[in-house]
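So, here come the structures, one by one.
Both complexes below contain subunit A, partnered by subunit B and then by subunit C.
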Partner chain A sequence: MIVLKNVYKCYETEAQRIDALRDISLHVKAGECVLLKGASGSGKSTILSLIAGLSKPTTGDVVVDGKRISKLMEPFSAHFRRENIGFIFQRYHLIPTLSVRDNIALPLIPENLTAQVMEKRIQEVMQLCAISHKASALCRHLSGGEQQRVAIARALVNEPKIIIADEPTANLDAVLSEQFIETMHDLKKRGVTLLIATHDSQFFNLPFVDQQIELKNGVMIS
Partner chain B sequence: MTLTPEIIAILMLDGLFLFFSSIAFVLSLKLYWYWDRDATSLLQYRLEKESYLVGLIIKYIFMLKVPLFLFFIYTCDTLSGIITGAMCAAGVVNSVDFGLFLLLFKLLNLYLFGFWLLLHVRDVESELQPYIRQKSLFFGIAFFFFVAEIVLEILFFTSLNISKIVSCCGTLFSASTQSSLSFLFLMENWMIVSFFYASFVLMLVGFMVKNSAVYLFSNLLFLFFAIVSLILFFSTYVYELPTHHCPFCLLQSDYYGVGYFLYATLFLGTFYGICGVVISTLTQGFILRAMRLSIFFNSVYVLIVSAYVVVYFLKNGVWL
Partner chain C sequence: MKFNIYLLEFALFSLMRKGAKTLFVFFILTFLIFLLASVLFISDAIKHELNVSIEHLPELTLQRLQAGKQINVPLKRVEPLLEIEGVASVIPRVWGYYYFKVAGVNFSVVGIDAFEQSYKASLQNVVDAYDVKALEKEGGMIVGAGVKKILEENYYQDFFNFVTADGKWKRMHIVGSFNADVSLQANDMILLPKKSAYEIFGMAKDEATDLVLKVKNPEEISTIVSKINQKYPDMRVVTKEDIRVSYQNIFDYKSGFFLSLFVVSAFTFFMIIYDKLSGLSSEEKREIGILKALGWSMDDILKERFYESFILCFGAFLLALALSMAYVFFFDAPVLRSLFVGYSTLKPSFELPFYVNIPMIVLLFLLSVPVYIGSVMIPSWRAAMLDADEVLR
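What follows is the complex of A and B.
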């Protein structure tokens, strides 16, 4: 499902060169839940952005669902991402001036679906994420937990095969984090591949996690 | 050297074009030599990024070149007011020995850049970018024509001499003088017009039987005979004067700038007919679309020039 082969990623400026990832190779099977652990700056988010095709490696190959996403030009990787990957960001990245419903609808707009199909999908994910009662509320008026649920609903609305979550519980309290973990468990049962980058210890001993990968200074240490 | 705001603008743009196209040229050569789609090396990822840059530079140059071509004609037209003897852009272009070559280079480069752009469109339609080496090589060659045009243009503007008396278009496009274009007038009008319509009919036949070789050949013929017949025959009906043959005066407001429309349809039609068909044959793609666009623009051109003749005859009851 997801294969990284000898991936290096360097960020270069005139003043310095930062090796964000060094010789990373990993293999994730379809339907697995993989945890990426490590301190801030260890390279977790970089791996996720490479898998999502948001950035390209300096060297090495990234293959997702049989597609060499690292070799795709931006319009093709955007299309691939839209069809196959749902991304949950640490800071949610919702549009504060749009309603919950409209934020969730955004990824569907380029799909040219009929209004009925679109509405059906939006209602389904809003129910799944228990946010239906706030459908017409503006996102800037929501609590952190509610915003997180909207972000999850938006990631799910395109029915992706892969969900990528980058520090999803960093801004949530313990109770809301538990709820998030439950949602992830439900998705795993549905066969969705999960990649979660976190340093939240609540995730570390979960029974549904298949692989835990620890990173330190851009190197896999376990 | 004559400097007007228009000339300064053109020369400054030439400088910018030269700078950016040189970058695109160097990167194109790199892409041609080192491109390896399957490689996951540092160099290949750099080349992939640089290919975006090359595409962006050439697209922008082309986007500016099209209006700049019209601006060049407009500039020559405005210069005719200060160059003694020149009545329109024709006199200014011919006031320098290589003026006509400059114009031909400009046209050729529009076709070359357009060709590159069509190839680029076909290339980025596929996620494998199958034509990147071909388009890089093509630009590597086209670059020299582009540089030649820029050098000629700079020399052209620096060679303009406002104290020198030049010939007007009436003299240049006339059978009675020994200008560089007077050889055209050795041909019979009926013959040229017959070839013009025959090449159009051949094009229609090529379109109907979907034969790209016939279609390409007929477009080349059509382009040549369209220009010659416009100078020798159709222009006289636009001016309603049997002795005036200038292809530049058509651009003036006295004739409602019909020349801009005529040249746009002719060049677009033949561009799709020549470059579009060549690209389609090489890349096994949109041949029908290119042919349809070509036939549409060329038909519009034929209809308009023919309409001038018919309307004149209906109004006056005689041919010129």
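What follows is the complex of A and C.
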């Protein structure tokens, strides 16, 4: 379902050139849970960005669900993201001046659904992530754990086939990390493909993880 | 394609959550557009007024000069002037300024005659509305709205006592007032029978203040002027064009103040635009990055930004327009107005006529709303062009 073929990605500035990824090839089947491991700067987040269509590879191909998203033009890649991807960012990237409900609704706005369908979906994910009681609270007033639950709900609201999580437990304590892992397990049971970039050891021995890929300086080492 | 109401809703909400910033920009835009619109309304109203005044003026006015000063014209000159080829009529006018010391203003006193055609239509309308013969008998006068107001303020409800040239009192009863369409000219006017005017000004009965000539063909004006100059070298012929140029000079001189105001407002507006164009804040960029990452296309982001800036700027434009209309036409433009009409402080004040120059409003709209929207759209477009990954990093 997700295929990366000889992917290179380099970031160039006036001062320097950084090779973020070098010759990465991988294959993820639908419904699998894949862990991307490695230290900071190893290229985990870059792989996730490429799969989500947030950036394009310098060379190589990224194919998701049969679509070469590395070649998709802007409006199509946005549409692809909306239809297929739910992204949980390391720093959540919520809009602090919006309420929980409005943050969760963001991916649905371009869909132009009917008000009833939209509200139904928002209520469902808020219940699933146990954040309904904070629906009207502004995100800047939430704790770290609550913010993460909002981020998960927002990633789920468009019913994506793929969930991408970038260092999801980096800012959470052990209990909240456990809860997050349980949520991921539930999603896996529902057939959602999971791609999780982490260096949190709690993930390494989980029974529902299908693949573990280790990166170092932009190269796959296992 | 179905209109996405949620984008509009998001844009509205976005303006609200930016609270103080939105209010500040809204206030500045409203103030600047208000200032520019007020300037335009005042100048257009006065220009309109002057144009209408000039339209109503006679083609030729003849004044007699002695030692460079205007003196009265003997009425015996009327007949010889009528004999000049192309002259349709010659109307002797008896008029002058009467200084009302108590209020510190000048009134324009004009003598009217029941048997004489007035030199302009608006005046004729007033004359037609009253029985001039009865005025003569009763010692009555008709006053402009500005005069009436000043007299009432000084407790002259029904009459006014003129002091004649030989120092006697002459009581004239106020039998009516008029709101002429040309308020700049008519507001300070008192119409009374010619006989009374002669008495007040102490003029000889066989003289007039000046003569007004109507010509059959305006193309012949220059020939007629040269014939008059030959016949009466002591007479100055003032054409409608001379008066237009004279009014325009006063207006142009005064409009210098307004130009300065205009330049300052426009400069401030373009400073805001420059600031906007120079880039988005990191917070705004981050928000665009988040929206892109969540599946918003560039089109969605730009539409939302368009709604946001349009609501803000168009709202400010409409409010400013309404405020400036109220300020100029309802409150009579205090402060700004005095810059323009300062030259007539000795005359009773007049109301700015309601005149809106639509092309100027369209120009103001084009110079404000699309420019502001552009200043929001361009940096947003630049940010939306970047990979979301790059913005969020």
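In this section, the second predicted complex is superposed on the first by the 222 of 222 C-alpha atoms of A that agree within 3 Å, B and C clash if a C-alpha of one lies under 4 Å from a C-alpha of the other, contacts with A are read in each partner's own complex, and residues count from 1 in each chain.
As a convention for this text, contacts are C-beta pairs under 8 Å (C-beta built on N, C-alpha and C of every residue); 3 or more make two chains touch, one makes a residue touch a chain.
Keep in mind that this is a model prediction, so the values were computed, not measured.
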Partners on subunit A (subunit B, subunit C) - clash or fit | fit
After superposition on the shared chain, which partner residues are touched by A:204: those of subunit B (first), subunit C (second), both, or neither?
-> neither
Of the partners subunit B and subunit C, which touch A:93 in the superposed model: first, second, both, neither?
-> second
Partner chain(s) touched by A:58 [first = subunit B, second = subunit C, both, neither] | first
Taking the superposition as given, does A:49 touch the first partner, subunit B, the second, subunit C, both, or neither?
-> second
For the overlaid structures, how many degrees, to the nearest 10, lie between subunit B and subunit C at the C-alpha centre of subunit A?
-> 40
Superposed model, subunit A: greater residue contact from subunit B or subunit C = C
Per-pair minimum CA distance [subunit C against subunit B, superposed on A] in Å = 9
Touching subunit B and also subunit C: which subunit A residues?
-> 56, 75
Spell out the residues on subunit C that touch subunit A in their complex, using ranges where they run on.
-> 2, 4-7, 10, 13, 17-18, 286-287, 289-300, 387-390, 392
Sites on subunit A touched by subunit B in the complex | 5-6, 56-61, 70-73, 75-76
Within their complex, state which residues of subunit B touch subunit A.
-> 37, 40-42, 45, 48, 52, 124, 127, 129
Once bound in the complex, which stretches of subunit A touch subunit C?
-> 46, 49, 52, 54-56, 74-75, 78-79, 81-83, 85, 87, 89, 93-95, 97-98, 102, 105-110, 112, 118, 154, 158
